[in-house]
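Presented below is the structure to which this report refers.
In order of appearance the chains are A, B, C and D, and numbering begins at 1 in each one.
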Amino acid sequence: MKIGKETIPKTSISTSNADTIIVRGKNLSTELIGKTSFVDYFHLLVTGNAPTPAASAILNATLVAIAEHGLVPSVQASRMTLAAAPEVFQGAVAAGILGCGSVILGASETAGRLFWEIRERAGAAKNYHEAAREVATEYRNARIPIPGYGHPLHKEGDARVKALFDVAVVEGIDLSFVHIAQALENVLPEVTGKKLLLNVSAAIPAVLLGIGFPLRALKGVPILARTAGLIAHLAEELEQPIGFALSYQATREVQYAGSTPEDFIPSH
Amino acid sequence: MKIGKETIPKTSISTSNADTIIVRGKNLSTELIGKTSFVDYFHLLVTGNAPTPAASAILNATLVAIAEHGLVPSVQASRMTLAAAPEVFQGAVAAGILGCGSVILGASETAGRLFWEIRERAGAAKNYHEAAREVATEYRNARIPIPGYGHPLHKEGDARVKALFDVAVVEGIDLSFVHIAQALENVLPEVTGKKLLLNVSAAIPAVLLGIGFPLRALKGVPILARTAGLIAHLAEELEQPIGFALSYQATREVQYAGSTPEDFIPSH
Amino acid sequence: MKIGKETIPKTSISTSNADTIIVRGKNLSTELIGKTSFVDYFHLLVTGNAPTPAASAILNATLVAIAEHGLVPSVQASRMTLAAAPEVFQGAVAAGILGCGSVILGASETAGRLFWEIRERAGAAKNYHEAAREVATEYRNARIPIPGYGHPLHKEGDARVKALFDVAVVEGIDLSFVHIAQALENVLPEVTGKKLLLNVSAAIPAVLLGIGFPLRALKGVPILARTAGLIAHLAEELEQPIGFALSYQATREVQYAGSTPEDFIPSH
Amino acid sequence: MKIGKETIPKTSISTSNADTIIVRGKNLSTELIGKTSFVDYFHLLVTGNAPTPAASAILNATLVAIAEHGLVPSVQASRMTLAAAPEVFQGAVAAGILGCGSVILGASETAGRLFWEIRERAGAAKNYHEAAREVATEYRNARIPIPGYGHPLHKEGDARVKALFDVAVVEGIDLSFVHIAQALENVLPEVTGKKLLLNVSAAIPAVLLGIGFPLRALKGVPILARTAGLIAHLAEELEQPIGFALSYQATREVQYAGSTPEDFIPSH
């Protein structure tokens, strides 16, 4: 079935013949394997260009920042999935990635779009405070949550944010989006009535946009990062399984709120 | 419901309090972000230890080798999924990862187990040829396919194999598993009657086992690598969609082999 | 980590002790297995109540209408996934379900929300035409696509729509949402400048809302239906594999739009 | 890339032209929607034939038996995934389905293969006890677990088994595989030293093989069934979220077994 107008698929990422694989114009075997790091290769794959050393440092720092945060819900989902289907490593990874949605990890992309919008609004004048106030107020009025601010655990500020911004300063990248992110943090109490500090999901796009990483690929960064964390958890699960123990603990205090037959005696 | 005996979940990967995230004994914000590369962090996450420079070079090389190979079936599945559900980047990544199974990318792990078995069999004598012949013959008799040898496209040898083995030699890692992999290649014509050259899925475990990367995490390497490739394809899909064009092309010559009502006129 | 305020999980769907499983207040083994059809059980699971005969007929008809439509992109993705990982049936089903997004199958839910909004707007007066015109114009102005209208293949009307509406009439269900769906079809040429006929994704919520099926579960109907279709395709794939043939066809005319080294000779 | 020999995709499930969708030889809109139940349609899709009334009763009973069993690990994984990505219903369903693996739901298929093997072994003599003893002993010697026997909760027999076998008797289907399943239950104490009662995962293939349902599609039955249960849980999750509460409970007693910096104070 034909859906849409395009019928000839085009791609600019790679091609090959019987002997040679070309990726982004380079010979994979002679110019890339052993010659470039995986993270620089990721940058090349996504953008078509090798990163500058500063861009490479930033991309590495963001991937390290977000790869692992303990037994968060998506890691639990992944470990329970491996416990139930231990022969399917990739299925458990996929289950964990499916939890990288709007609430947990998706904020990297939506915060990136928000910063972009503030920068557009500020225009040549670059009054980021005023633009941040305007855009945040519009989000507020449209009842759209502000992505990338506040955290259930780190109420006094997320140390990962400071670490990422430090790398940005040391590497000398464009700090426009860092300033926008901070401007927004400053106006949020006024707009929302709450102190909502920058969290890691806002710091990531703030520094990635500063190296020219494309908006549309932002969501890929937490996904790639989290995949590394999931693989570590699943390797641990294969050695020391806890998927079913997590599941058991999760339901110890479950309350059944439905009806039961008269003669039914609950077991817990 | 209690499944199994363990009820208290344990993990050695990370812990945190309100201020600090500890990963493998290190403070994420002050000791890892900006201080270590993502690939070295992946090694730390999986094994508990930072890699040596040689181990880091090998791990990077394997990830680069396997991240991208064009519009393979799992990339097509991923791009079609994004075309159908463009709002769900993580769903399309997950769909692509689900294609990392036994036929396409899973051979890294199964070839690793095969090499391990050959090394065990060879014992102190280290006659890898003889052990490879024995084990390959047993696989053959049990009708288990030999993973990691042969390739539909690269019939004259996969240049990625040479590139990975070159890195192994230059970095001076333990080459036992490389020798085992080559010994197996040498005996396969005799055992199977076919020339079956080492492909990249065998070269990857051959060098990773040489840096002490754990067998049980081998499958994670092609999955992490392929996630990077998928993200690049999905970022391209968002900019220049081909998911539906691929789908259209795929079905242009489909033959319907079932019955139809008498008055039905096929449209193609 | 605590996310949100709730810490005690509650559910009204089922409970059990060592002998007995209670689902929605009924004993699974003595009151449900062999006593109720799977579709009626699905209705009970989702809503807490057994369906009336009319509701059962409607729910069955919608599930039949949407379960199968040939080698659509998500079925291709699913069959390619099984070809690559033939040992993981559930992974291939999951990959196929991930393609049930906004473009392909998600319209059932969004069209349902649109109809609900038109009904709210019409209020007691029940002038559905006027309300449909208003809401459709608002969608148009906000550049939100109208879900559930138009089809790439069935330009002269989707026979599944007629079939579903016939069942609705015969079964005597509440036809309000059918009338709303038709009112919207009538005003669309005026609002959009295009003839956009009701497709099956709009007909499904039109009849399901007429039996009181909850809005929030609407998306589940095409997913359950499509799962049946995927299982049939995967059972066929195990017997007569075409996943790789689809993939081969899909890329026969692919054009590589990137650069290549000077000495690279494309193979196709 | 060409993988394998087949290049022309063939399917016998469905075809269509601009007006008409044909499924298994029938016109979807005029012969199936409103004329057949969803479960009978599933049978038609998978096997090519409409079921007999007895086969329909059995297929419905098995789907009802396995659709729902409370907050099992895969349901928890699914609800946590929806909590993290509430905009992606299909992603949460997919995550839940990925937990339908060998340990939890996959036993339906593997038990089916085991029964098939016992029947082949018994041959014309139909001494199922002797054949069951032989095959179970071989499994035991090869250290392959016997699928479909024993249950963590229902130690005194699973009432769903009795319910399914009652339907089989009432409907008058071929009981060969029920007898094989019971023969195996009888010999297991002798072979394994443990009383291991038939569980629902063995009863399902025992009755489905009795209606001629194909072995290769057996795994589809618990997947389709469980999809219905997952949809009910996800609809409940959208109304009354517990995904994060489950996750919180799951980790309340987690022990961190790794090292920490000297100055780190655990929060729990």
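In the analysis below, contacts are C-beta pairs under 8 Å (C-beta built on N, C-alpha and C of every residue); 3 or more make two chains touch, one makes a residue touch a chain.
Computed from a predicted model, the values in this text were never measured in an experiment.
Comparing the CA-atom centres of all chains against that of chain C, the greatest distance is found for B. Contact tally for B-D versus C-D: the pair with more C-beta pairs in contact is C-D. Rounded to a multiple of 5, the Cα-based rotation taking chain A onto chain D is 180 degrees.
Each chain gets one centre point, the mean of its Cα atoms, and the points for chain B and chain C are 34 Å apart. Centre-to-centre separation between chain B and chain D, using Cα means, comes to 29 Å. Averaging C-alpha coordinates per chain places the centre of chain C 23 Å away from that of chain D. Residue positions 1-4, 8-16, 18, 20, 70-73, 83, 85, 87-88, 90-91, 94-95, 98-101, 106, 153, 244, 246-247, 249-251, 253-254 of chain C each touch two or more of the other chains. Here chain B touches chain A in the complex through residues 1-4, 6-16, 18-21, 23, 28-30, 32-34, 36-39, 41-42, 45-46, 57, 59-61, 63-65, 67-71, 83, 89-91, 93-95, 97-101, 106, 109, 153-156, 159-160, 162-164, 166-167, 170, 214, 216-217, 219-220, 223-225, 227-229, 231-236, 238-242, 244-249, 251, going by the rule given at the top.
Residues of chain A that touch chain D in their complex: 1, 70-74, 76-78, 80-81, 83-88, 91-92, 94-95, 98-106, 243-244, 246-247, 249-254. Interface residues of chain A, counted against chain C in their complex, comprise 1-4, 8-18, 20, 22, 24-27, 48, 70-73, 85, 87-88, 90-91, 94, 152-153, 250-251, 253-261, 264-267.
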